[in-house]
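Alright, structures below, take your time with them.
Look for subunit A in each of the two complexes below; its partner is subunit B in the first and subunit C in the second.
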Partner chain A sequence: MTMKAQLMGGGEKSFGRGSAAVERVSENRRAAATNPFSTTADGAASRARRWLERSSVGLLRAATYVVLCCGLAVFGDIALKGSRTVFRAEWPFVNVEFLTQAPESLHVFEYAGESREMGDREFRAFAASERARAVAAEEEGRKGRAAPPAEPLRSQSYVYAAGGIWPCIVGTVLLVTGAMGIALVLGVGAAIFLSEYAREGRALRLIRLSILNLAGVPSIVFGLFGFALFVNFFGWNVSLLAGWCTLAVMVLPVVITAAEEALKAVPRGLREGSLALGATPWQTIRRAVLPCALPGIFTSSILGIARVAGETAPIMFTAAYVVRDKLPWEVERISDFVFQGVMALPYHIYVVATKIPQNEYSSRVQYGTAFVFLGVVGLLALSSLLLRNRFKTSW
Partner chain B sequence: MPHRLPSENSPDFSIRQRHRRIFGLTREDAIRAFFGGHAVVAVVVLALITLFLFREGIGFFAQQRESFTRYRQSGQELVDLLREQDRAHAALGRELGELRLRMGAAGAAEFADYEERFADAALPLRELAGELGDIALEAKESATAATRLETVAQLVAQYPQIEKTFVELAAEVNTLAAEWGKLTEASPAANLGAGAAPKNGPPARAREMVYAQKRLRAYVAALPVALEEIRSWSATRPVSQWQVVKSFFFGPQWLTASFWQDFYGVVPLFTGSLLVSAIALCLAVPLGLGAAVYVSQIATARERRLIKPVIEFIAAIPSVVLGLFGIVVLGQLLRSLSQVPWLAWVPGFPYAERLNALTAGCLLALIAVPTIFTLAEDALGNVPRAFKEGSCALGASPMQTTWRVIVPSSLSGLCSAVLLGLGRVIGETMVVLLCAGNRIAIPDFTAGLGAAVQPVHTMTGIIAQEMGEVVPGTIHYRALFMVGLLLFLIALALNYTAQRLLARYRLPTL
Partner chain C sequence: MVTIENLTPSRGLANRLLETHFMRSAVVHPTLGTRAGAIVERPPVLRVAPGRTAPVHAPTAIEVEHLDFAYGAKQALFDINLALPARQVTAFIGPSGCGKTTLLRCFNRMNDLVDVARLTRGQIRIHGADINAAEVDPILLRKRVGMVFQKSNPFPKSIYENVAYGLRIQGQRRRAVLDAAVEQALRSAALWDEVKDRLGDSGLALSGGQQQRLCIARALAVEPQVLLMDEPCAALDPIATAKIEELIGELKRRYTIVIVTHSMQQAQRCSDQTCFFYMGHLVESGATRQIFTQPTDPQTAAYINGHFG
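Take a look at the complex of A and B:
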């Protein structure tokens, strides 16, 4: 219909200008009414449409802010309750004991009419001194003076609720650094080969595809694999080494893909220029390509670290102990170092969240551990974000 | 300063360098081989994953077949057939009881009496199953197949007894079914339904009464079939491979460390995973896609700078911390929300279990949102500018452009975002382990949407929970690897489909 109107308008043009102009205006209005995109026409339909538009914007905005609020609510809850455990109102403002001690049982008891809380070691020392005092008092009493009868200390004990999480922090740091070391060396090397040396072809495409697909495999499956290969087949048992390898394998696809992307982002001109100047391939890679790609590799590797640090499932049966008295460096032989299990923050959270009865005392250590863990992982993620914004380069 | 040309003696100038060879390789070759070695190690390690999952998992079928053979030879299977009949009877009895409760107090006395008689009808059957069960259990303990078959002969000798029990049961239930008809006619509630009554209630009840009678008759009719199945049972028939495979992939129960017989059926775990993921996606897809559309099309630059890092930060929250949040805060919160009186219309509300599929699903949604958001936002951003400009130039409003041009043209990207989000959710372990309630049972879908608040167990959760306690090499260990293998394949399939979607429907670059 619009086509026809235009044709007619065109035809009329030659006869009379004025009438054609009037005609065209009315045609325009009619065209506007049939234009599905038009918003100029007035009327109930367009008002409804405008209302629809505004409400859809409102819905989208609501969805976005609901997500933000949920995230912030989780973070806020952990931070608020966790900071009560981790921070102190007076100097040194940080709960040093929580960050530097091993976990121990908490004893709660009545003493001289007031309720007291003590860690296991402190409680034993206290109980021993009480006993000594009682014995001394008894001897005094034998000498003729009346002494207050010594009451045995009756305490309620809560496992893991006292002490700190120092071994867990150490274990997590060890696990993360070792795993990232292995993954970076292997992953960046493989990426250099894949992007610089390997010839494009079906085999390379297949390898790339499988690496990309493996990046989405659930972490628990990597844990199973690590348990089968490193713990059982190689006979390393539950150990740091098995944990390193499992975590490294888990993050390897991510590192390879990211490093390859960073290498690919370096423009061809740099390579060709370097080769044209007579540099060997290795010189080209070392002097021209790697320096440009390093920030990208660095950024993505920190993202990988955050992922490694945040995972619990792969280390559950490859590296983590529920509790261990000794710190990792307290080993008899150096070679034992890599064959020992460690405590780790995420596993500790799992243990205190599920394996012990819930009460106000256990909730302190739960939130404290979660807060410290969230802080560590959040810092890693944040630094990766900042680095990415800083090194954002376009060629 | 004069520009110095690289002198001929400069070590950097490689044309002049002599190529020293080590084992016939130049330095460049060696470096190349070095990096090649890295690549090979990486690829081999990644290939080993598949290999080891298969290696450890595939042995499950042989071992389970052996276990099933023993199960059959000892006659436990026969006893289970009897017990199944007993269970069916009990289920029907419960149904009748529920019907009575719905009927209200009217006719309670006669019905209670009736129910008792119905339950008693199956007593001989139960006693028989118990006796035979003891014999079968003894047979299971015996080491050789010959002794087992000997005891089975004892069981087979009981066939006349079984037949008699079935016939008696059929006769009893038959008379009961006939009496049910009389009872319904006599019952004031049913009479109410037949005569003048409020429109909706009683006629529906009367219909239910008639329906119950039909169920009773059908039950009686099915009895000879069950008897025939028991008669045709044979201890010497070999267990087929297909039956073992079926028992894993379609088996309705996951029963471990049982004194009777272990069953490893993945269905309860799979449905649990599916239910939790469905809840998570129901929440995460609208939120994630909505946020992506908002950020890429509507939000101002300043808003974008605020929203994107926060969502990326949500992605960095470790799942175990979310799980802890679910245990300590969210589970309690949702439960008390469900007990608010004016929310009673919501299906499944109110509920008593603090940890259930809904709690886990809500937290998993928070895990899936960043994945969906990031990928969807990328996809929306990749729509060529010309599309948007063209649409706007034609007079479309921004929202019309968004809904009719941008979203349809990036649909493949949005779909792959949702698929990858699903992959992320199905593979998540800690949240479901901590919050899903860990009850191994197929969710009762007859409750409709109310199934969402039942506690479930998931594929990832079962691995994490039981792997620490099993002895390597046992059936249980291998069954867990089979579950892992299934997860692995699901994840690969989801990832692959998502990538194919992206590649297939890639927009032409303008």
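Take a look at the complex of A and C:
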């Protein structure tokens, strides 16, 4: 049906019944035949054009939906299976243990005819009390009274399947904030120099090109680089500091490019206005250009946050421990803080997904960790957004 | 021969617009005609009679001698010779790309920011000092020679901070000094009454005309001697333009003003001297009335009569 016909159909309805409406419709039809812009004017060509238009829009729409479905499938799977670990049906609805405890082994054993699951510490305490009971029972037995026979506890243990991932959450937040801090200071500084001070020319083009290339380097290469330079050569060992620096180097190209774009977007008039008032170039940057560019820099840095939080390769040699009993603030001297390794969410996922025997217990932890991980990255990005809005409203 | 001229160019349209649109209390002056009551009365300006060049009483503020200026290989200004009188308004007119803005930006060395821009010959002296001498600090120069741009460019800060910006970068921290300077500058820019109750609001929240006056206030706050205006009304409607022109008439009592404009009516309304540029050459300069009534150069005549440009 042509567009014209549709219009007429609508017209018929709105005009209602009666001969006047019918007359009007036939009049319209006559007008359509003589209208040089009507679809009947060049028939086939017009139809082909519209067919092409409609099918190309359809293709683009399909592409969008495919992407959307992939995303939904991944996130839905993680959210569905992860929420089983993270949330509880009864009060307080959140698996507090999972979010606040360190990982430990899970013991599954038969007791009094039923299967029980216990974390390592709980199990040890339970086993100790059982032993004590058995000893007491033996004492009683010696005294001649009847006692239940003490059966030894036989358990199957699964590593990391009990407890929680609190140290990993803490470690990831520490790694991200520290690395982003270093990357922002270095990156914004470099971007200011490149876009405000450096003279356009071959050297600058070369520098820009190498920065862009740096963005394409695989993250494992950064990991090895960090291991060679920070861990071995500087002798920082596996530590927060080494991880910060490695992640910062990895994310620098993103930050520099983003900051340069944000600085370029600052209107030229703002700089000239400031300079014309007798401000030095640095004063101009500090007081007029940077406040204007900061929201943009923060927005683009959110991409950097996701990358820093998500990469496993750069930290596996430089900052991450498979397991660590102490939390980062439980250090003897405050100066040791940056020289300690931490647990981290992406590395924990890597460990529980590849380094331990797979079973239903480990898969619970995997999905739970992945779900929490998404949440933590989301929260970090959100806080960065809030920070940006603060800058925006306070000019 | 010095005569007293009582009709200054910025009256007329400007005030008529102000009256009709703002219903200000208007007073009728026997010789000056109708004017807005809020505007402070201004003494008649001494002028030379038409046909003469620079007024005898006005000392020279800016002198340009044999100036050649180039952007890379492309020469933009050719042998400019000019003397601008102090405390008067000089208008630069001419078609686009004729070099008037380039020359204006030479006066506070804003062209330093353009990598390829070079002054290839000649000298510019402001109050006798060569501003391109090796020992001159462009920062100090720009404090003395303020500038207002075509597109109003308030900083994304409060109105107060916009005006205080120039003093803050000079290291002024005392609140009392800043307060006084901000009020003074806003009053001079005829903006005080409109913004005094909302100095903390963003400068970007003001209307276009108010923003431009804010930029003027900002430039005035650092106490310049010369005020350069690069098409200050290009983006403004007639009412806002009228206010700015009126302001220019006020400001010239204290500042030497150079204004680049594409509007010949504006040049006529608010300038004392006019310089006509064409293709990088200074074609003609002189008293505004003379340029517009008896131009000596045929190109000038063609331009002011609207035959090109």
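Criterion: the second predicted complex is superposed on the first by the 314 of 395 C-alpha atoms of A that agree within 3 Å, B and C clash if a C-alpha of one lies under 4 Å from a C-alpha of the other, contacts with A are read in each partner's own complex, and residues count from 1 in each chain.
Criterion: a contact is a pair of C-beta atoms (placed from the backbone, for glycine too) under 8 Å apart; a residue touches a chain by one contact, two chains touch by 3 or more.
Computed from a predicted model, the values in this text were never measured in an experiment.
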Which holds for A:Leu224: it touches subunit B only (first), subunit C only (second), both, or neither?
first
Subunit A contact check, subunit B vs subunit C, more residues touched by chain B
Scan A:Phe373 for contacts with subunit B and subunit C and give back first, second, both or neither.
first
Which partner does A:Val159 reach: the first (subunit B), the second (subunit C), both, or neither?
neither
Looking at the overlay, does A:Cys292 come into contact with subunit B only (first), subunit C only (second), both, or neither?
second
Considering only touches as defined above, state whether A:Arg199 meets subunit B (first), subunit C (second), both or neither.
second
Going by the contact rule set out at the top, does A:Ala242 touch subunit B (first), subunit C (second), both, or neither?
neither
Does the superposition put A:Glu272 against subunit B (first), subunit C (second), both, or neither?
second
Shared subunit A surface residues [contacts with subunit B and with subunit C]
278-280, 283
Of subunit B, residues touching subunit A in the complex:
12-15, 27-28, 31-32, 34-39, 41-43, 45-46, 48-49, 52-53, 55-56, 286-288, 290-291, 293-295, 298-299, 307, 309-325, 327-329, 366, 369, 373, 391, 394-397, 399-400, 403, 420, 423-424, 426-430, 433-434, 460, 463-464, 467-468, 472, 480-481, 484, 487-488, 491-492, 494-496, 499
Would you pull the subunit C residues touching subunit A in the complex into a rising list?
108, 110, 113, 115, 139-140, 142-143, 146-147, 149, 151, 153-158, 161, 165-166, 168-170, 202, 215, 218-219, 222
Spell out the part of subunit A that touches subunit C in their complex, as residue ranges.
199-200, 267, 269-280, 283, 287-288, 291-292, 395
In the complex with subunit B, residue positions of subunit A that touch it:
35, 37-39, 53, 56-57, 59-64, 66-68, 70-72, 74-75, 77-78, 185-187, 189-190, 192-194, 196-198, 207, 209-225, 227-229, 232-233, 249, 252-253, 256, 278-283, 306, 309-313, 316-317, 346, 349-350, 353-354, 358, 363, 366-367, 370, 373-374, 377-378, 380-382, 385
